[in-house]
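Letters A, B, C and D name the chains as they come in the text, with residue numbers starting at 1 for each one.
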Amino acid sequence: MAAGGAARPHDEGLRRPWGAITAFLLPALLVYAALTAYPAFRTLWNSFHEVLPRRETFIGLANYAELIQDEIFWKAVRNTFIWACASPLIEVAVATLLALALYAKVPGARFFRIAWFTPVLMSYIVVGILWAWIYNYDWGPINVALRAVGLGDWAQPWLGQPDTALPALIFVTSWMWVGFNMVVMLAALHSLPREVIEAAELDNCGWGQKLVFIILPMVRATLLNLVVLSFIGKMKIFDLVWITTKGNPLWSTETVSTYVYKRAFEWTTFDLGYPSTIAAVWFVIVLAAVLGLTHLFRLRDKLEY
Amino acid sequence: MDVLKKSILLLLLSGYTLFAAGPFVWAAMMSLRTTTEIHYDHFGFPDPIHWEKYPEAWFNSNYAIYFTNSTQVVLAAVIIVTLIGAMAAHCLARYRFKLNRLVYFVLFSTIIFPPQITIISLFQILVQYGLYNSKLGLTLVYVAIQLPLTVYILESFFARIPSDLFDAARMDGYSDWQIFWKVSLPIAVPAVATTVILNFILLWNEFLFAVVLITDEVNRTLPLGIQRFIGDTQEDIGMIATGLMIAIIPVIVVYAFFSEKLIQGMTAGAVK
Amino acid sequence: MATVTLQDLTKVYDRSAPPAADRVSLDIGDEELMVLLGPSGCGKTTTLRMIAGLESITSGSLSIDEQVMNQVPAKDRDIAMVFQSYALYPHMTVKDNLAFGLRRRAVPRAEIERRVKEIAETLELSPLLGRRPHALSGGQRQRVALGRAIVRDPKVFLFDEPLSNLDAALRVSTRGEIAALHRRLGATMIYVTHDQVEAMTLGTRICIMSGGRVMQVGAPLEVYHAPVNTFVAGFLGNPPMNLIPARVAEGDGGRRLAVAGESLVLPPARMPALGPETALTFGIRPEHVTLRRDGAEAGASLAAEVLQTEALGAETIVLAALREDRAAKVMARVAGDAGFRVGESCRLQFDLAAAHVFGAEGDVLRPR
Amino acid sequence: MKRTLLSGFLAGVVGLAGFAGPAAAQDIELTLWSHWSAEVPKRSFVEAAIADFEAANPTIKIKPTWYEKNALYAALKTALRAGQAPDIFYAEPDQVEYMDNGFLLDLSPLNWAAVEPWAKEAWTYQGKPYGLPLEAWTVELYYNKDKLADLGVKLPANLQLSPEGFLALIETSKAAGVTPMSLGVGDRPFPGAHLSHEALLKKLGVADYGKLLQGEIPWSDPRVVETLTWVRSLADAGLLPKTFTTMKLTEAHIYFHTKPGALMFINGSWYTSRAFNEPDKGGQPDGFPLGIMQFPAVPGAVCNECRTIAVGGSYVANADSEHPEAVLKFFDAFLNPEVGNRWLDNVKVQTGIKADPSKMTDARAADYFSMIAATNEGSKYFFGIPIQVMSGKPKEVFTQVINNALPAGNISVEDAVKQLDAAY
């Protein structure tokens, strides 16, 4: 009999229906194996080779050695990290403020909620094009507005200067994602037990105190989830940069994604080994960062992405 | 809250709304104006309204092709990923076996994979199997990248279906496969709808994999099509805006009808 | 109809833990309503699920109508089950819920229609046939769940705590319905519950389980009046039987018990003669205890102090502590107007003709 | 595409088995991917050539697909690796990776006598020629004659301003509210570098300049630093528009000749392929007073008559093409002076094919070439712009630093030099 080895309660029926289990899992596992696991391993394999169209040569750790000295890569890592660290803070902070405003029963809350959410629906391509226009030096709304209020000297080619380009793009992602974070926060706020907040009111708590001592601690898990989610999203960022600056000027907006793409598909060699090395190292960095973050927040068990 | 405070707050929120939705409205207005009009005044209202720009973009700028491609690839991918994702999720939520949690973790943890880790080799692999530069290849890749999220959302829903229901169906004489089709799936319709809408929007907007895996004009999806328009030539701002709107419209339609569902899906897992 | 025989039925989930069901043996006769009763975790649901075919059987055998069923899949055992949560298919109407099991069994369409209609009428579900479960009240859902089992016309009905999700009033009326159903259908039923009132009122026989084992099987009153061990004695009855540690004292033919510095002399009918100093447990049901301010019989009463009274109207439950052993507490069910106050001293008078004596292991000691 | 792959596979099998029969009986279709989708003159020139060729060779059909340059390069990078590249495609001589990886067909059998030797040289890699050099160009400094006259500035006879004169011109222009020079690097890796590399070439002379690009002379060489400092001082004087870093090539053209209008514009001599379009397709306005001057003299230069000539748009053949003989036939059809003249007439850019400018028929072209001839008189040439000579990391750093950041005033000369030296 098959049941002897069962280690959990609620095993199913007479025999473990391995046939059914296999049939249900097989398609997903096949897709996973062929299009996720295998490519990931192959990338790793690539990273120890020079992968040219007609030949692959084992070169050991040469790619890794080169990577360590590749200033552009480290610049890209730095930019991506700045992005991944700044964005969550901005997005979640602004989103929390907006969510609290709606939570306070403002008329038209539903309309606001739906309107704020729209940026998330657009692709980075659309958003990129739109914001490249918005940042346009000559006729973009930002500079036009600055000139209109007599601050013409502040008008900048926002995406064209190394010190403004990255903040400008970070601003765009924040614009895009604040609404999303707001909606999540609002849902979390609405799921809070009313009694606790009412009890706090009886305890003569002011709004500020209520926020700091009651509400925020209670939505802590949601806040941290949003931070992690936003962090992961920014670690992947590619489309927006590609459509607006392509990493320019002076690599100030280069992200790891764009650099991998450049090295793989735009560089003057056909080598796929080096970009694979970047991908592999980056994968480890992302993994470490995400694990670190979850550990930091001690959410190991609760974390949902 | 007294009236003054409330008005100030409302004013601030309206200001933010202008900021959040303004670019979209601006693009919508430009989509109905010619580039010459736009260059004359970038912020004017469409007067007269150039509706004809839409058919023009559709027929003369290949948008019909891009749109069809996007529709085919995205719909096929969504259907496949929903189906195989639901099967896997059903299995993981319902059957207890030794590797259950391991399989779940393996499938789910790829959600944090940066796309770079697979994209280069996916390119090589699709080339090897003759799927490079084909809609089929892109569809399969889309299935793979949306699988973790789909399994995650559906598994958590299936796990909430009381196991008594499955027991009842078994006693009613249904096989494992029939139980999936006649009990699990119909009950999970709300969750399935969520994943369908979510996957639809995410894939409709997908760019990185498309740009690497598709080069042929006839196989381009919408994001690639739009990108083509910001190439060498003088930017035909008015036409690009029209193209943007064509690309956004399906998403807006979906959003208009399913905004609650969509928000639910987007936020799934983030609320604790 | 059908008989169900359990022979040393055992279920082991985890080898390092005790079995969930341990050598359960039970003969369930045709048309019998057997109640499996016990606290949660006693193995009653596991046993039921093994009978249903929802759990594999680790060892032992299960037969229905003398055919071994161990390896027969659930769907082929011709068994219907009513679940605690009702397990109605939320996406189907009441009608489809009722018909679902039949459709699979290749019953002709017209026949399905007829049977569903019939059952719906019997259970007063006719006006609800087009509704979905979420639009039904708890009692209505309950009836649909019942109907779904009945419509299949199975050999054996299984009930897994079917009333536990109902409110008190509904529970009483539904209990009546099930009893009536049993009489009308004359079917073999196995009914799992932790509620002794259900067990007492419904069961033709009760099987009391604890720790995966069968403690006692018998007709309700038999089990009530002649519990085989302290577990059964303490589990059945509300309030349960008083169990007081005692020792055998010298004299009275080995039937004198020393309890809290006093002694009780039991009639030969209730207790075998035992040697002095034997440790045992003296058991007496609250309805066999009365409180006296004076005139208590020596050898059949103990001094006590009232700790607590619960006046229920027709009767009053009194909790008293023995004066010489405050840790030993006794419940008495006395007349509603007895008028004892908390802190008052009294004597507890026992009807020793209804006393029970259990050995050190908890098994009942009866005169040979 | 898939059919190509499959039939390529089959053809390979057949070829291996030794059954390669006469293919001429069958109709052959050659695929061609080309840049110039927006450059009407070049595109029509090629389309006309295809039509003529198909008329002369009825069994061969050529199917062109027109791309934007960046899109074409991206598509080729993947298609070549995927074995799905067309028979013929557009390339420029800097793309040595094609040759390195054996993607290109050796074009030795062509009638090279009809090609300018320097153009053949530009396409020769390890002894074999690989490209059909259609386009050749020099870096030219265009200006608006009316605007220059308005500013009251006159050019010297040799059309070359002194360093001081050039700086004064910038300042005068600025003062008059006219942007001195239109230029943008929003979508190209080279326009911004024209300023520096022309200056460096003049300062160092052909030989040393070549060494610099090869990494044999360090960028920290005082002559280089001096020159870059001079270029940076021009930028600091307000030479370029503020939108330089984001402006695209086409926008820069329009900025120069239409809106808002700049005094000067530095560009390859293929300026015509955009500017000579109809005005509503991004061309310059009718009667635009186009002038060309020399790049100004550079302080302390050893060779103020040195300048860059480059082979630009060319066609190459896929080494895996099933019909190499048909491709060669098609290429050979370009190699006679008549075609060269037709190119000059229509495209109005120089070509690597030997031609006779005196036989040109188009007046506008003749006028344009006389201006080009005037600035090129007595010139010494260096072949290729830096990014055609460089590759890998140095190329990337050069693009970011010299093309983009230095003229934009976003990097100090010191840092620029340091980064470049580190890249080799």
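We take it that contacts are C-beta pairs under 8 Å (C-beta built on N, C-alpha and C of every residue); 3 or more make two chains touch, one makes a residue touch a chain.
Predicted, not measured: the structure shown is a model, and the values here were computed from it.
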| item | value |
| --- | --- |
| Shortest contact path, chain C to chain D, counted in steps | 2 |
| Pair exhibiting more inter-chain C-beta contacts, B-D or A-B | A-B |
| Centroid-based (C-alpha) most distant chain relative to chain C | D |
| Euclidean distance of C-alpha centroids - chain A vs chain D, Å | 40 |
| Whole-Å separation of chain centres (CA-atom averages), chain A against chain B | 16 |
| For chain A paired with chain C, centre-to-centre distance based on mean C-alpha positions, whole Å | 58 |
| Residues of chain D touching at least two other chains | 74, 78, 81 |
| Multi-partner residues of chain C (at least 2 other chains) | 53-54, 74 |
| Overlap residues in chain A, where contacts from two or more other chains coincide | 6-8, 11-13, 265 |
| Chain B partner contacts - residues on chain A that touch it in the complex | 6-8, 10-13, 16-21, 23-25, 27-29, 31-32, 34-36, 38-40, 42-43, 46, 51, 98, 101-102, 104, 106-108, 112, 114-127, 129-131, 133-134, 139, 141, 144, 175, 178-180, 183-184, 187-188, 191, 221-222, 225-226, 229, 232, 235-236, 238-239, 242-243, 256-257, 260-261, 264-265, 272, 275-276, 278-280, 282-283, 286-287, 290, 302, 304-305 |
| Complex interface listing, chain B residues touching chain A | 1, 6, 9-10, 12-13, 16-17, 19-24, 26-27, 42-43, 83-85, 87-88, 90-92, 94-98, 103, 106-107, 110-125, 140-141, 143-144, 147, 151-152, 163, 170, 175-177, 180, 201, 204-208, 211-212, 223, 226-227, 230, 237, 240, 244, 247-248, 251-252, 255, 259, 263, 266-267, 269-272 |
| Touching residues on chain A, where the partner in the complex is chain D | 52-54, 71-72, 132, 136-138, 156-157, 159-162, 248-251, 265-270 |
| For the chain B and chain C complex, residues of the former touching the latter | 162, 164-165, 167-174, 178, 183, 186-187, 189 |
| Residue ranges of chain D touching chain B (in the complex, touch as defined) | 1-2, 5, 37-38, 65, 68-71, 74-75, 78-79, 81-84, 187, 248-251, 254, 282 |
